[in-house]
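Below is one structure, written out as structure tokens, with a few remarks after it.
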Amino acid sequence: MSISPFRPPITPLIVKENYLAMLGKGVRPDNRDLKTPRLIEIKTGVVEKAEGSALVKLGDTQVMAGVKIDVGAPFKDTPDQGVLMVHAEFVPLASPLFEPGPPDENAIELARIVDRSLREVNAVDLGSLVIRKGEKVWTLWVDIYVLDHNGNLYDASMLASMAALLDARLPDFEELETGEIVVKRGVRGEPLKITTKVVTVTIAKIGRYLIVDPNLEEESIADVKLVVAVDEKGRIVGMQKSGAGGLTHAEIEAALDLAREASTVYFKALEEAIAGRRG
Amino acid sequence: MVVKKPEGLVLITPEGLRHDGRRPDELRPIKMEVGIFKNADGSAMVEYGKTRVIAAVYGPREPIQKFPLLPDKATLRVRYHMAPFSTEERKNPAPSRREIELSKVIREALEPIVLTEEYPRTVIDIFLEVIQADGGTRTAAVTAASLALADAGVPMRALVGGVAVGKVDGVLVVDIDETEDMYGEADLPVAAAPDIGLVTLLQLNGVMTREEFSRALDMALTAISKIVEMEKRTLRSGYVEAGGSEL
Amino acid sequence: MSISPFRPPITPLIVKENYLAMLGKGVRPDNRDLKTPRLIEIKTGVVEKAEGSALVKLGDTQVMAGVKIDVGAPFKDTPDQGVLMVHAEFVPLASPLFEPGPPDENAIELARIVDRSLREVNAVDLGSLVIRKGEKVWTLWVDIYVLDHNGNLYDASMLASMAALLDARLPDFEELETGEIVVKRGVRGEPLKITTKVVTVTIAKIGRYLIVDPNLEEESIADVKLVVAVDEKGRIVGMQKSGAGGLTHAEIEAALDLAREASTVYFKALEEAIAGRRG
Amino acid sequence: MVVKKPEGLVLITPEGLRHDGRRPDELRPIKMEVGIFKNADGSAMVEYGKTRVIAAVYGPREPIQKFPLLPDKATLRVRYHMAPFSTEERKNPAPSRREIELSKVIREALEPIVLTEEYPRTVIDIFLEVIQADGGTRTAAVTAASLALADAGVPMRALVGGVAVGKVDGVLVVDIDETEDMYGEADLPVAAAPDIGLVTLLQLNGVMTREEFSRALDMALTAISKIVEMEKRTLRSGYVEAGGSEL
Amino acid sequence: MSISPFRPPITPLIVKENYLAMLGKGVRPDNRDLKTPRLIEIKTGVVEKAEGSALVKLGDTQVMAGVKIDVGAPFKDTPDQGVLMVHAEFVPLASPLFEPGPPDENAIELARIVDRSLREVNAVDLGSLVIRKGEKVWTLWVDIYVLDHNGNLYDASMLASMAALLDARLPDFEELETGEIVVKRGVRGEPLKITTKVVTVTIAKIGRYLIVDPNLEEESIADVKLVVAVDEKGRIVGMQKSGAGGLTHAEIEAALDLAREASTVYFKALEEAIAGRRG
Amino acid sequence: MVVKKPEGLVLITPEGLRHDGRRPDELRPIKMEVGIFKNADGSAMVEYGKTRVIAAVYGPREPIQKFPLLPDKATLRVRYHMAPFSTEERKNPAPSRREIELSKVIREALEPIVLTEEYPRTVIDIFLEVIQADGGTRTAAVTAASLALADAGVPMRALVGGVAVGKVDGVLVVDIDETEDMYGEADLPVAAAPDIGLVTLLQLNGVMTREEFSRALDMALTAISKIVEMEKRTLRSGYVEAGGSEL
């Protein structure tokens, strides 16, 4: 059951009006223009024990992602593909509003948006994850861990997930005579086969303005958000309207243009993070 | 995830028709009915082909189990739920992650439409049960919710309706069924309130070019206009069914 | 833990007294005499995707039941029998008093009464559901779905379950070389082997009167109910006292007579529903 | 569900005796004890053969965790629960569907007996633990609850007791054990308050003719009268055991 | 999440001061000196259907433990060992403060202390519980059932668990041609191989005094407790500080001496209980 | 439970060094940082070798979801939790029995240190996340909590720090890592506030003689003194790292 949320920190009307006045001049309180994301910092390999990991700072928002890889059985209807699972935890240290407990609808929605954005373009080539067809495949767990929630968890989580997957290496393994697979945790094997990188760009609508990468204060006064997943070729590979408002057809089209433009900033940050790793 | 298409399944015929004989822009036969339950303050049944969803609305009311209410408007509570017998394999009745997400997405499709500010400190409950799932359940659920809210007399800015457009063998088709969803390349569920020009639900699963997306959204909005017109007829007469060229 | 219920809609004492006065004259506010069930409407085949289904209207009460059939393993102590599972959901759309959540004690009691009534007479011949003894059997899921609760969910649910089972067909299947069983969902095979039909008849005690098939208002002022399961031969195949009251031995005997008499009405409705299907 | 009888098991001998040597109308050896715990306001232990149930009563009291109380009477809370080591195979300690149903059935067997109207806005907690299960646990639990309520000084209309009658190889037998329950044709658990002539728990699992049922119920009520008499002796002397011809 | 407990029955300050005055004279309100446990009563074989069982009374505290033995699979990293599981239920009949529900942090801590105390010295020789290496082993479930909570559940539960294990016998079994193991419940086979007995001794600190085996009132005014597991040779085989206070190094050392001394009382009670069984 | 040591693993070399080259009384390289988060009132990161724990403190505050608060002091709420990617095999994010126990043990290690009596009817939340687990996570968590509490300005009697001493091939060694924990004979996690001479967390898993225990506790307290000194430096400068002879 989904319930109208009780406490998005309620922003006085006056704040919203002042904010709209600024947007009218093309500028935001943190000195950004409307279409530029916050500062991005991506660090990979931050959890040595995980097969892949990354910490992303998007402004003051911090999200970590870890990739764990185990041997499992494939799904019945896809015997020739590995398994990808995306899970998000909004741990209570990340926000005064998060309570301990199983993932709520926001964490579930986030994980499913990241999951679909990866899955629909086969960003990780699941066909390359088969050990023994129909029997044994690699199972990838992407665990998103929100550490400091200061707005736009979507883009930060997608970046962290993508960076962690790019960082990940399949573990080495041995096949026993019994057919059992023994994973050798310490030994890092091949990198994952990534067919394309994907990012999401979140656009918030405040009054009649569309802004890219809203921070927490902006989210609290936004009417609605549109999360747009974009791949390296600029194709739209996923989308989700989120929040209790609506959008006109024209606004949606405009948001897509903003998303495609801003995606290049995210892709550049991803490139640098990986290059940094190899360098 | 790529599920292999069964042999012999032709999604788009050489003549440009779909696996069930529809044209790309053709909706499935649709049935709508309101006032189907005695207890609920408002209720409705909606069928898109074999997809069947029922809706009940209770409220505005005080909730049975107390929880913090909003001081300035009604709280919407939406539950999208699938009957265990609605799917190919029996569905565990405990809410899945998918159902939790769709409950949120549908609630947010209704929030912009309901005049919640008229009933502060109350709850409006919207319960949606998928009785049979054959593709497009979330959009049929929005349509059913819209009818049940109107049937309950809840004041609304406009009626809202939903439909899913798909991309199947490269062709954009409206109101996809489960087969087209499973073996198609993209699924674009849309809900909108045509009378006020607002899209209130929008998801995309799959890949579209910029141009395809614009066309697909247009197709969805055209179809939704027909669906909302049909909602209006249903609210007048209690029951309406239509299919093929009538739509 | 079972807790005295907080809110059966509390009926003023005066209502109960007026009601008793009517009963004294052998008539009920909805114009029934004391021993006649409400109008019954049974529709089978209402969910094409389920292997069996039925919608039952008993007065204003509406209950749906669906039968899903899967391949599973038998229980260890009955290797030569299929598996029957009965589950009931009191979904919140059915009553202003139902809340979302896992089945409560009322839903569980209802499902278990239906389950036992079917099981104890082997109403569905479980021995006919073996695919490979000790290994593979058919598992029948009977899912009861209460849609509009206006009293006497027991009888409506039992009727819906029975009708759905009568409507059900085993799916066609193929046995692979590996021994795996592949179910072919679309293709409807043999009907289930039903050895006997069973119905329940619910008798409510109000003051010193016994009435058949109480509606919601009657349930709210009843002292206690007795649910009696009867098979086609008129045998008693199950029973449950329900509610916070007691019955004398004489009242129980009288209730059994009422139950057997009313069961014929239910059996007739079942017959017509099935005949209608074939016709 | 028909579980096959093990070879060599004779449920009714040619002489008309049962597998454990009892006559059809003979109860198992029974033990009753009250005041077995220090913390509880009232407590009791009841044994029917190897079936052993303990009961503790707290209240009337305010509940620890607040919940809505009844304005006109005490709320009864009853928990029937099996110890993990009470059964052949270890029982998961989380409440099963069976335990949830039986908690309700037992609560409803006690509601007509307890003078709840004397303690509005309070809770009376009745906790029942099956320590060993060998048939008839729900009816032994009602007997234990009756004793513990009396031991706690909770005012009652009458004492209540329970017993299960079975149909085994066509013969009606009283106080069935697990073997007779598993391989018998019917099980009729009954609880009653003989002093006020009320049956307060009644279930039937299995098939009986009309005439068999009447006889079985008579047998149950006769046995319950003996059990309730034994409850009275126990409340006077703290501990009583009896078996065979003493009962 | 662990939360500062709301309602240990709050003892007025004056009670604590009177209590401390008594302790200063070396005596406790129940006439014990500071280092002597309460009266101990141990009865084994109290649940005939369990493979092992015991009821322990430690003063007014009553705890039962049952051992159930099933056939299961070994853990992957210990293919040559049986499985030991310890579980504790604080059932609501044991205290006015216990509520129904899954085990809380206190029940979990208790079970884990008993578990570790047994496991770390291999008190039950798990190597002797293998039926077929890597495939089939005996699984022991030790279920602790608190019946009347009047203080020091640790020592009573450890005694009950140990006594139940000493009482336990492996069930007889048969190996089918299919390799399946069929357990014959009725037939009691070999006793478990117990390599050493273990007890815990709980020391409470009240003011500057250390007392052995605190009762419920003493626990309510204690600053902190130290649970010390001791084996037959007097070795320390486990330890846990419990409660919201601290201890000095000197106090810890003194507590260990008290624990070793008092452990002999517990071991004697265990010996007598087992001897009684055999006699 | 005895897990067999892998071939070739030497826990103590003939020279008396450990498998990672440390002396028995040598801590792993340690890093500490405070103020790492914007939202939390106080936060910290602590590394002991590859073990990494982060801490956030919120409060004293009113809890979001109401529950009964203490009238005479602040309620501490402590959650020790492991990230799913922190361990060899993915850890299910639902709290395990181990995490529930450790949350209690850590709360009770902090209760004697925090001046809770200064903030009655409030909650102080201490959230601990293990980012990487390589032995000693509970004691590193106490250290991180101590730093985060101080960073949040919560008044404390003294700083507290933790370390685990192990017995490995018969040798007592300080600050054991996962390998030493898994294949060693005993593990003694200790937390203490050296400035007030109090041990506030003490567990022993494994076997020690009386004399070994005393020595092990001494070793732990010596190490904790160094750790708490390092905490003080960190609170002055925001970030400190040290290893080997610096400690």
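Every chain is named by a letter (A, B, C, D, E and F) in the order it is written, and numbering of its residues begins at 1.
Just so it is clear, a contact is a pair of C-beta atoms (placed from the backbone, for glycine too) under 8 Å apart; a residue touches a chain by one contact, two chains touch by 3 or more.
Since we're looking at a predicted model, the values are computed, not measured.
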Check every other chain and keep only those touching both subunit B and subunit C; list them. none
Relative to subunit D, which chain's C-alpha centre is the most remote? A
Going through C-D, E-F or B-C one by one, find the pair whose contacts repeat those of A-F for over half of the pairs by residue number. B-C
So the centre of each chain is just the mean of its C-alpha atoms; given that, what is the distance between subunit A and subunit C in Å? 48
Distance between chain centroids, defined by C-alpha means - subunit D, subunit F (Å): 52
Separation of mean Cα positions, subunit D and subunit A [Å, integer]: 58
Multi-partner residues of subunit C (at least 2 other chains): 1, 100
Subunit D: positions in contact with at least two other chains: 79
Line, ring, star, complete or other: which one describes how these chains touch? ring
Which residues, counting only subunit E, touch subunit F once they are in their complex? 1-4, 6, 77-78, 81, 105-106, 108-109, 111-112, 116, 119-122, 126, 224, 226, 229, 231, 234-249, 252-253, 256, 260
With touch defined as at the start, can you tell me which subunit E residues reach subunit D in the complex? 7, 46-50, 53, 60, 62, 64, 66-68, 70, 87, 89, 91-97, 99-100, 102, 141, 143, 145, 147-150, 185
Residues of subunit D touching subunit E in the complex: 37-40, 43, 50, 52, 54-56, 58, 61, 64-65, 79, 81, 83-90, 93-94, 125, 127, 129, 131-134
In their complex, what parts of subunit F are in touch with subunit E? 1-3, 67-68, 70, 73-79, 95, 97-98, 100-101, 103-108, 111-112, 116, 186, 188, 192-193, 196-210, 213-214, 217-218, 221
